[in-house]
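Here the chain labels run A, B, C, D and E in written order, and each chain numbers its own residues starting at 1.
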Amino acid sequence: MPELMQFLLSGVTVGAVYALVALGFTIIYNASDVVNFAQGEFVMLGGMITVFAFDAGLQLPLAALIAIALTAAIGVALNKLAIEPARGAPVVSLIIITIGASIFIRGVTQLVFDKQLHRFPAFTGDEPIRILAATILPQSLWVIAGAVVVFVALWLFFTRTLTGKAVLATSNNRLAAQLVGINTKWVMTLSFALSAAIGALAGVLVTPITLTSYDLGIALALKGFAAAMLGGMGNPKGALVGGLLLGLFEALTAGFISSQYKDAVAFIVILAVLFAMPQGLFGRNTVNRV
Amino acid sequence: MTMRLTTKQTTLLVLALIIAATPFFFPSAFYFRVGSLVFVNGVAVLGIVILTGFAGQISLGHAGFAGIGAYASALAPVHLGLHPAFAALLGAALSALIAYVVGRPILRLKGYYLAVASLGFGILVSMVLSNEAWLTGGPDGIAVADLGLRQALGHMGLKLSAPEFWYFFCGLCLLVGAWLALNLHDSPTGRALRALHGSEIAASTVGVDVPRAKLQAFVISAVYASASGSLLALQNKFITPDVAGYMHSIELVTMAVLGGAGSVLGAIFGAGILTLLPQVLTVFAEYEQVVLGLVMMLVMIFLREGLLPSLMRQFTGRGA
Amino acid sequence: MSLLSVEGLGIAFGGLKAVDDVSFSVNPGEIVSVIGPNGAGKTTLFNMISGVYMPRSGRVRLNGEDVTGYAPHLLARRGMSRTFQNLQIFQNMTVLENAIAGFHLREKGSVFADLFGLPGSRRRSRDARTGARELLARVGLANAAELEAGSLSYGALKRLEIARALALDTKVLLLDEPAAGCNAVETEEIDHLIAEVAASGVAILLVEHDMKMVMRISNHIVVLDHGVKIAEGEPGAVSRDPNVIAAYLGTKTEEPSHAHG
Amino acid sequence: EIRIGATVSATGPASFLGDPEAKTLEMLVEEINAKGGVNGEQLKLVLYDDGGDPNKARTFATRLVEDDEVVAIIGGTTTGTTMSIVPVAEDAEVPFISLAGAIEIIDPVKHWVFKTPHTDRMACQKIFEDMKKNAISKIGVISGTDGFGASMHKQCVAVAGDYGIEIAADETYGPQDADMTPQLTNIKGTAGVQAVLNAGFGQGPSIVTRNYSQLAVGLPLYQSHGVASDGFIELAGAKAAEGVRLPGTALLVAGILTEGDSQKAVVTDYKAAYEKKTGSAVSTFGGYAHDALRILVDAIGRAGSAEPEAIRDAIEGTSGLVGTTGVVTMAADNHLGLDLSAFRMLEIKDGGWTIIE
Amino acid sequence: MLTVEGLRSRYGRIEALHGIDLHIDSGEIVTIVGANGAGKTTLLRCLSGLQPVSAGQIIFRGEALTTTPAFKRLERGLAQSPEGRQIFTNLTVEENLRLGAFLFTDDRVDRDMENAFRMFPILKEKRNLAAGGLSGGQQQMLAIARALMGRPSCLLLDEPSMGLAPILVQQIFDVVRSMRDLKVTVLLVEQNAFGALSVADRGYVMETGRITMEGPAGELLADPRVREAYLGI
């Protein structure tokens, strides 16, 4: 069935986009238990800054690098100016802060840049690649590769490095983390820088496919959030698998059932999964003895 | 008699005074319109106070119930021949029923997992509202019948313009809603909700049926949201699926948290601020989003319990 | 017939048998202590009895009724309450409200009565409030009633938990290390409180590492080690049991000997 | 001073439409005032951004009539916002010129309500005419689920029969979707489909176009007037967009209009002024705002008064007014005043627009 | 080694410490006894930097520590086993211990960990399990072991014997005693006043935010007021 193959390729393409966004959530979440609703804006910034740097005549790789660095800096600023001062606030307050931040970033972007749609050329052309009677754009392969690389890097970071453990310790028990000598402020700074950089990288990779504009962040953040929860928040494996699954559900539903209700079906599947596994597919099962 | 009772009475008194007195400063009907929107949002936000402030459960899909209330008010008069007022009641009943059915499975989830599940529910509702155009008119919306109460009052000699009528009517609804929420706060049920917010396991060992209590909070808050949606639809005489949208859900939660999710007056205050802000910010429309984002961040950073409770604490040394 | 009886209770986490085939019973007015080394399975046993964990094997009977695996609130309705080793305080409420919450079963009514503030609902709230104040006085927290619960010291929270558990119309009370974090004098106060409650006909199951206290107030002692019951009997007999001394008590050099009994 | 009110969706999901509208209104009012205003009076534009929220739009409309005391309202970027402004305008008896597409806005005619864009139905008719000309009778439709796409979809389904066209495949996509290949694969796989029509605006149509070329569907692809801007070719990529047809306005092809074209002067002027002022390309939507203001100013001029009632009557009497969308002639039973001839069938060739009539 | 002068600290508007003066010499074992709510935990939190100080000074090895952030104090040699254990419940036992030595990457980390396992064999058994699953007493052992992993020169213990079986209580006091040989200074807060005063060199008695008595441990142990109020004799 060539259709099925095409649906799968589409699902993987979209899924990889979601996975990249979801992976961006993991670090900040792991450091602070906060789902950063401004993550979508990092993706948007990655795309927008690259577009404008590229249009200003820079080489694409250089433009992308600048975008990632700038976005990371913005992430750090967000932490220093908004998250760090609110330390100890309840999680809902932190959610509102990140939503506020996302509105703010959107507002500034629209002033600094514009409200138009933009894109820059795909890295390796637009000639579709044929796989078993179906096709995929080369840029999709870049996105998929990006998701896999980020996943592996994060997985190694959290399982193999002491810094990764320090990040986990910080969210698990901030007081105790300080007692063992972890500079929790620095951990937070690092986490925001990394998360923002991953977001920006996602933006750079996906813009040739999805296009970008100042208000692209909300939709991506929502889907990325859903994907991350499906997989289990905080686990890079969950983000990758959750993203890919979500993309596949959508594509298969659009292909076989109804394109109108593809998002609905995707959400129903998420609800069903959470019903059976309240922590998502790979979520950590927190043990809290009483 | 006790401290608590006075808190409740003061809250209601303050609210009633605000509703009754501010119109004296209104230079035009536009202000009545904005005021009534504050109250409409306030009603929905009270639901969030009960669900999030009392019981500690996050919902990012509550606008879905507002959508159900709004569309019930729009559709039932046309298809079932109901009077709009009964249509709104039907909407509330329907919302309660749906909340009851949906709440059971999703309230087993905690924190962000609950957030994403409720988000999914909200999206589902708004998707149905915009996809089933044959019934709902699709994304472009649908007209809503007139409530008729204003005319009825007119016949009885109380002549109000539409904005005036809606201002006072919504104000009254808000007062009733606030009264109920305040009653709940210090009642056994309210304490059970706040207890499970603190520790589910301890709540259940003192005999609180935790799933049931959560469900009660969810259903009650759904009815509030539904009522708010109905009021909006009836007042605007026109409704679009935006009422059920994700942004509206977020807005409701933001209003509650900004004002102080645990406090009835605080949350209404939050609804007021967020409803008025866009009207104030029109002077620098370009910067509206920037300012809105900044306000949200600054309030949460410097007044982390929400505007009102934090300010009260500043003045009196204790929370509201 | 005993009020609470536990028959062959067992549970495992991963490969570990945390509790294995434990049986005993508690009568009204009796204080039964469960002792044993850290990790012996005492808290786990409590968690199974009180419906927090589902036992893998065995039965829990309350007043003859099989209540194995019942949710905690169902057990509460049947007169069981407990305190926690890892404190479970309603941090978002005042001390008084924490205690009132203990009266939930007695004060609860229909949601509608509560929403509309009907007289019945108000009266029940008032009664609970009065009862709660009395209880706080009993555990020595009368002055802290209006404070936020989060601001109490550890020992005070411990006592607040006891007050909350007593608020239920308790028939069986499970206390998990009630005296942890209290000094000798405070411990003695808790002793008296427990003895008093038992004297009123409540069956008490106690986990405690303070041997002075255990020896002083227990009618019967059950000793666990590695999830298995290794000894059982009168305080005097148990404390002389060489197995118990080896596994749990050690040679006592730190305790002032004259403080015994 | 004559106060004119406007509420458009300069931000939010419809900012793609509302942003050029807002900029156009500001630019033109400035221009008109610089030239001495209307009837010797300066215009004052009170402009609000409703963010695409119908509820907000209604509040702003109330504010315009109650607080700002404007003599007329322009706006309602989307049908949803328009429909919630309508009752306010009707109640307050203030003329209202909408910038949204749906036919319901002016059909049935409402005393105080006008609009400038062609209706969605007209876009469908124009496209179907062209299909008929090319002997196409069985098509696949893919539309966005937003207001624009859904509304146009509805109209196209309604009039397809008139042109003997059968819609054999019917798919949708969300406004922010990243890949439409499953839907297009299904359309491609539907037996007998001779052409595909995409109703939508924003990034959707660009992605559809790119996916369409990726899948090598090989059938004619029709887009709607929702994508009519130069940006579309750039976003979709000139190669993928090659051969795409759509009903557009004169504005889009200002440069290649014949010298005799009645709209040439108007569109060329507007295009030049807009692009100079904002640095971005004109779009059909800015044109709608342009026409609305022109109609209003023309009416105030003819009425010789800034009384709402007089303005309304004058708007209804608009005749032969050359706008960017077409030549407008209103009547008591026609509050739009455009016909199909205002649309031009365009095709993208070699990365640029050509007129194919 | 550690000197505290006029230390005050508050929770919001309520002051919990009203000017504490105390000093500990190098290698000394000092204990603080006091009733529930006396402010012992608050004092230790001030020392380890978890709690802001509103007035007064903390001087550690000749340097002012008062405003040093908490995470830098371990670098200076100050480790705490806090009240409520505060272990990393989502991490494994081994990860908890490894993080205790967060500042170090040398080989000694492994040796220290082996020592910890020798001290508390149960931790070795559970090394790969999430620490949140441990029993109360096991968590307490982990908290103490983790503090030791930080190679402190001064160890702050907040009720280390709480929740431990008698046999382990003895062991904990043995550990405290052994600190003397390792030249580690210990500040011990205990409800088991008898045990604490038996191992300590000196002791302080705290009541509602003030030091009310101090002296050599033996003297305090013999003091009738102490015996009545804290030993229950």
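In the analysis below, a contact is a pair of C-beta atoms (placed from the backbone, for glycine too) under 8 Å apart; a residue touches a chain by one contact, two chains touch by 3 or more.
Not measured: the values here are computed from a predicted model.
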For chain B and chain C, the contact-path distance works out to 1
Listed by label, which chains are in contact with chain D and with chain E?
-> A
Please give the intersection of the contact partners of chain C with those of chain D.
-> A, B
Sort the other chains by how far their Cα centres are from that of chain A and give me the top one.
-> C
Return the chain whose centre of C-alpha atoms lies at maximal distance from the corresponding centre of chain B.
-> E
Taking each chain's centre as its mean C-alpha position, how far apart are chain A and chain D in Å?
-> 35
Round to the nearest whole Å and give the separation of the Cα centres of chain C and chain E.
-> 28
For chain A paired with chain C, centre-to-centre distance based on mean C-alpha positions, whole Å = 47
For chain D, jot down the residues that touch at least 2 other chains.
-> 10-11, 145
Send over the residues of chain C in touch with two or more other chains.
-> 43, 52, 84-86, 88
Two or more other chains are touched by the chain E residues 133-136
Looking at the whole structure, which two-chain pairs count as touching?
-> A-B, A-C, A-D, A-E, B-C, B-D, C-E
Chain D partner contacts - residues on chain A that touch it in the complex | 3, 6-7, 9-11, 13-14, 17, 110, 114-119, 126, 128, 135, 137, 206, 209-211, 213, 215-216, 219-220, 251-252, 254-255, 259-260, 262-263
Which residues of chain A touch chain E in their complex?
-> 162, 165-166, 168-169, 172-173, 175-184, 284, 286-289
Partner chain A, residues of chain E touching it in the complex | 48-50, 69-72, 74-75, 79-80, 82, 86-91, 95, 98-103, 105, 130, 132-136, 139, 146-147, 149-150
Name, in rising order, each residue of chain E that touches chain C in their complex.
-> 11, 14, 33, 35-38, 41, 83-84, 122, 129, 133-138, 140-141, 159, 162-170, 173, 191-195, 198, 228-233
Residues of chain C touching chain E in the complex | 13-14, 36-40, 42-44, 85-86, 151-156, 158-159, 177, 180-188, 209, 211, 247-256, 258-259
